[in-house]
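Below: one structure in structure tokens.
Each chain carries a letter (A, B, C and D) given by its place in the written order, and its residues are counted from 1.
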Amino acid sequence: MIDAIGDYYRTYNANTHRAVYALAEEATEAYEAVRDKVAKFVNVKDRQEIIFVRGTTEAINLVAYAWGRGHVKPGDIIVTTEYEHHSNIVPWQLVAEERGAVLEYVRIDDNGELILDDLDRLLGTGRVRLVAFSLMSNVLGTITDADAIISKCKAADVPTLVDGAQAVPHMPVDIASLGCDFFAFSGHKMLGPTGIGILWASKRMLGEMVPFHGGGDMIREVHKYESTWNDLPYKFEAGTPNIADVIGLGAAIDYLERIGMKNVRSHEVLLTKYALEKLSAVPDLKIYGPKDASRRGGVISFNFQSVHPHDVAYIIDEAGVALRSGHHCAQVLMEKLDVAATSRASFYLYNTTSEIDALVESLDAVAQKFAVRGKKEEDGAVK
Amino acid sequence: MIDAIGDYYRTYNANTHRAVYALAEEATEAYEAVRDKVAKFVNVKDRQEIIFVRGTTEAINLVAYAWGRGHVKPGDIIVTTEYEHHSNIVPWQLVAEERGAVLEYVRIDDNGELILDDLDRLLGTGRVRLVAFSLMSNVLGTITDADAIISKCKAADVPTLVDGAQAVPHMPVDIASLGCDFFAFSGHKMLGPTGIGILWASKRMLGEMVPFHGGGDMIREVHKYESTWNDLPYKFEAGTPNIADVIGLGAAIDYLERIGMKNVRSHEVLLTKYALEKLSAVPDLKIYGPKDASRRGGVISFNFQSVHPHDVAYIIDEAGVALRSGHHCAQVLMEKLDVAATSRASFYLYNTTSEIDALVESLDAVAQKFAVRGKKEEDGAVK
Amino acid sequence: MSSGGNADIYHEMIVDYSRNPANFGKIEDPDVTFHDSNPLCGDSIDIDMNISDNTVSDIKFHGKGCAICMACSSVLTEITKGKSLEDVRAVGKDDILGELGLEHLQAVRIKCALLSLKVFKSALYTYLGRHMQDSGSSADPAAADAATSSEEIDRLKEEVAGLY
Amino acid sequence: MSSGGNADIYHEMIVDYSRNPANFGKIEDPDVTFHDSNPLCGDSIDIDMNISDNTVSDIKFHGKGCAICMACSSVLTEITKGKSLEDVRAVGKDDILGELGLEHLQAVRIKCALLSLKVFKSALYTYLGRHMQDSGSSADPAAADAATSSEEIDRLKEEVAGLY
């Protein structure tokens, strides 16, 4: 991936689409070839439906502006879930406020899975305009039952938006067979560069959408007082595109395809199973999300009852497994779990069981340091 | 620049801001250090006013959405100029249409300079809400008399937006002494990577603006039914930032500062003077824009009377000077010049007079091939 | 890095056509006219046609374009003029490119070469669509004879969409 | 790549404070209270104070935070409790960090350490601002004595803004 980006700058660094000369042609071809790669990778038939954006966040905001503002009416309901990333909540809060609509949530149960009865109840009102959910929670690891949600929504003629940022890097994803209307994901979560992401939307939806950013490349003809728009997907790609990072993303997809997403997934299931088992033995550790590795991805969130996750991450910085502490951009979920933050271990294709052993060892050391077995007297009490 | 990006991915590839561990800290520090570099480079005192975006296009659209939609009222006038890039026209067309306002143009004279009487006339209506103009035309090379425009606007209490995409790479720019309200530019035009650009806006303006993209990092607290926003500049930087390219931009700025923008500019003035002289001798060639190299930058647009610029660029692809043909995302200007496209040569710090000689030589060859001296009979006539 | 041989495509025939395009101009009150442009390069072409006895009795083009565009537009009008609708429906990109030795044109220039073909096919389905309606409401047996199924028109539209 | 010695900052004193924070809790009906949070880590702190005779007569904190945050909040309340307003206005970050041996804390953790100081200073200017208004409309000589110029309040606000 790094090589692909370096190559780009060293050899065919020229703006895409704009110029006639040979450099530009090579850049355009490389850029457009990645569009085909992406389409194939997530099984999209029509390359014109693949729009390059900065990341999942921009993808969802694009939908919120270019579709949402035109289609959400006062009194409408937008549905999301309690385990969403902020990028699948805040854009809808903003649209809802602007359009006089309301945002409602599908709740999660104690196992960290969605309570689909909530969806039935909301759809029953007849006022739902959009259902937006992530295919895999980036905190709990839960794999959403997308088929169930989408078929319910289809029956109610309600469009669906799927946040695939966490899922696409970790399991095979087939957009055509999902049957959703919008799908968003990010390059940097799948071994690709930062600054690039993808919005897929069906031709039908794209046809209903007004332009988002105005500027170069998204136009057909600009006149002083009116303009016409370029064909799809360019209508939604204004300005100089992030050419180098698109090419870098292409290299990342090549790499993942060589390994095979099925293999990525099965490796993670193994690691997750192993990790869940080992972590259960750490004293005083609460593990969130489904316990069954086949129903979840390889992110595991947990907390000591009496050591702040911030401290945990800091102390075990050397363990060799990426351990993050924080709200993971999921404060609504944190509020639900009644914590400020969690620690989160993420497993990917390059991780091994011995790294999990190292993680568990350092967690044991933290437990010892803070002597978590001996509870502190105040324990959350407020005098 | 390439090295800086490669280093980033090889060593401190981790998301900024989010995690505690050391990698993330280095990434955050490197990312934030570039914010300081940018501020210093264009003389901005307050680093909180520097917002990282994808490019000039996104910067201007951000203003159009987050400020424009809240401040432009029916009947208002937004003023731009005839030599703007599409990215400083189309966003205003979209706002104007949405808000029932009108977009008006400051025209250019035969020398390719703005007719400031038009601005006086428009400001005289008392209905102007914003004046948006580029500091240097990317087609004509004209350096805008920004001081005159901004002082007129200040006197009328009208905010100004400056498109600095073409100017910042080619001449010293001092935002503080300009006194505008918004300033936009792109990394890829200043030897930096694609996918990164900057919006500067005064604290006062930023204070009047609603968030643009909702999502991670731009929030302070997210609750189910309402959220609060992060401090500046993060309020306007939602989602995973384009960390690697920000770091790459930092390397580009270091490079430009080592050379010195004054030196960049004076080298270009020399080249431009030389090129204008040589190009005037090519048969049948019309040169657009100011003839005085001190009033213009180093892009020179020209056309043969009877060879399409598309063909010119294609034939002389080997000349060693980047020659582009097209509308250069300035179709309003093309309409004004009454051409479909122009050829455009761009000079930068690495160009030499011998490359200009090579360009002129190949233009002569084109002239010969198409025998431009012998006019074709139809010559634009329509039977 | 250079793709090499760029200038090869500018042989005498192309240069001649660009200086003296064939069938360049407008038809007064044509039976059908169509306009389109290439957003990236600004080329823009109009084609006017008269059609009688199921034959392209006259065709002219005007607009702005590069030498490739002008030469291909010239060739297109020369190939189609006087031909039956059936024959011109079968004209494809290879017919145009082959005539000018442009079989190996690079992807970016293909749009220059095929813009006029796109406009021509669009003009054709516009005419056929209109004609089909006419023939539905008239009793003219000749018109009924020439009437085209709507599937045929859809096929033409698809062909246009897939041209480049 | 690792910055090394991360764990060094978790010495006994920090761990103890995090398990048994000093002055942890709420004051019933306090003279002044203030809340703030760190958006990145989710730490959130409230400080309640009673002030009499220009002295911090009581101070308590509550909220969620990491060990560093808890320890620093504890030290802050211990340092300021019983001190005159003049003295506590001078308390700076080095006083807190020095007490806990955290002088070389990395940039990302500084926010954890100084959140409570930020909240404390904010509570202080809130109190002083309110007090200034009160003293303007009352004839209480003691209040007038303690009254602070609005410049002083601005200076405090600036200090808060520049803390990290």
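Everything below uses one rule, namely that a residue touches a chain if its C-beta (ideal position, glycine included) is under 8 Å from a C-beta of that chain, and two chains touch if they have at least 3 such contacts.
Note that the structure is predicted; figures quoted are calculated from it, not measured.
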Treating subunit B as absent and keeping all other coordinates fixed, how do the remaining chains group by touch?
one piece
Identify the chain pair with more contacting C-beta pairs: A-C or B-C.
B-C
Between the Cα centroids of subunit B and subunit D the separation in whole angstrom comes to 46
Roughly how far is subunit B from subunit C, going centre to centre by Cα mean, in whole Å?
38
When the C-alpha atoms of subunit A and subunit B are each averaged to a single point, how far apart are the two points in Å?
32
So which bits of subunit C are touching at least two other chains?
2-3, 6, 40-41, 109
Where in subunit B do residues touch at least two different other chains?
18, 20, 22, 219, 221, 310, 314, 317, 325-326, 331
Contacting chain pairs, sorted by label, are A-B, A-C, A-D, B-C, B-D
Which subunit B residues qualify as touching subunit A in the complex?
1-2, 5-6, 9-10, 14-15, 18-22, 54-58, 60-61, 64-65, 85-87, 89-94, 103, 105, 186, 188, 193-196, 211-219, 221-227, 238-245, 310, 313-314, 317, 322-326, 328-329, 331-332, 335
Give every residue of subunit D touching subunit B within the complex, in rising order.
1-3, 6, 37, 39-41, 106-109
Contacting residues of subunit B [partner subunit D, same complex]
11-12, 17-18, 20, 22-26, 28-29, 219-221, 230-231, 234
Seen from subunit B, its contact residues with subunit C in the complex are 306-311, 314-315, 317-318, 325-327, 331, 334, 339-341, 369-371, 376-378, 382-383
For the subunit C and subunit B complex, residues of the former touching the latter:
2-3, 6-7, 9-10, 15, 18-21, 24-26, 40-44, 60, 62, 64-70, 109, 112
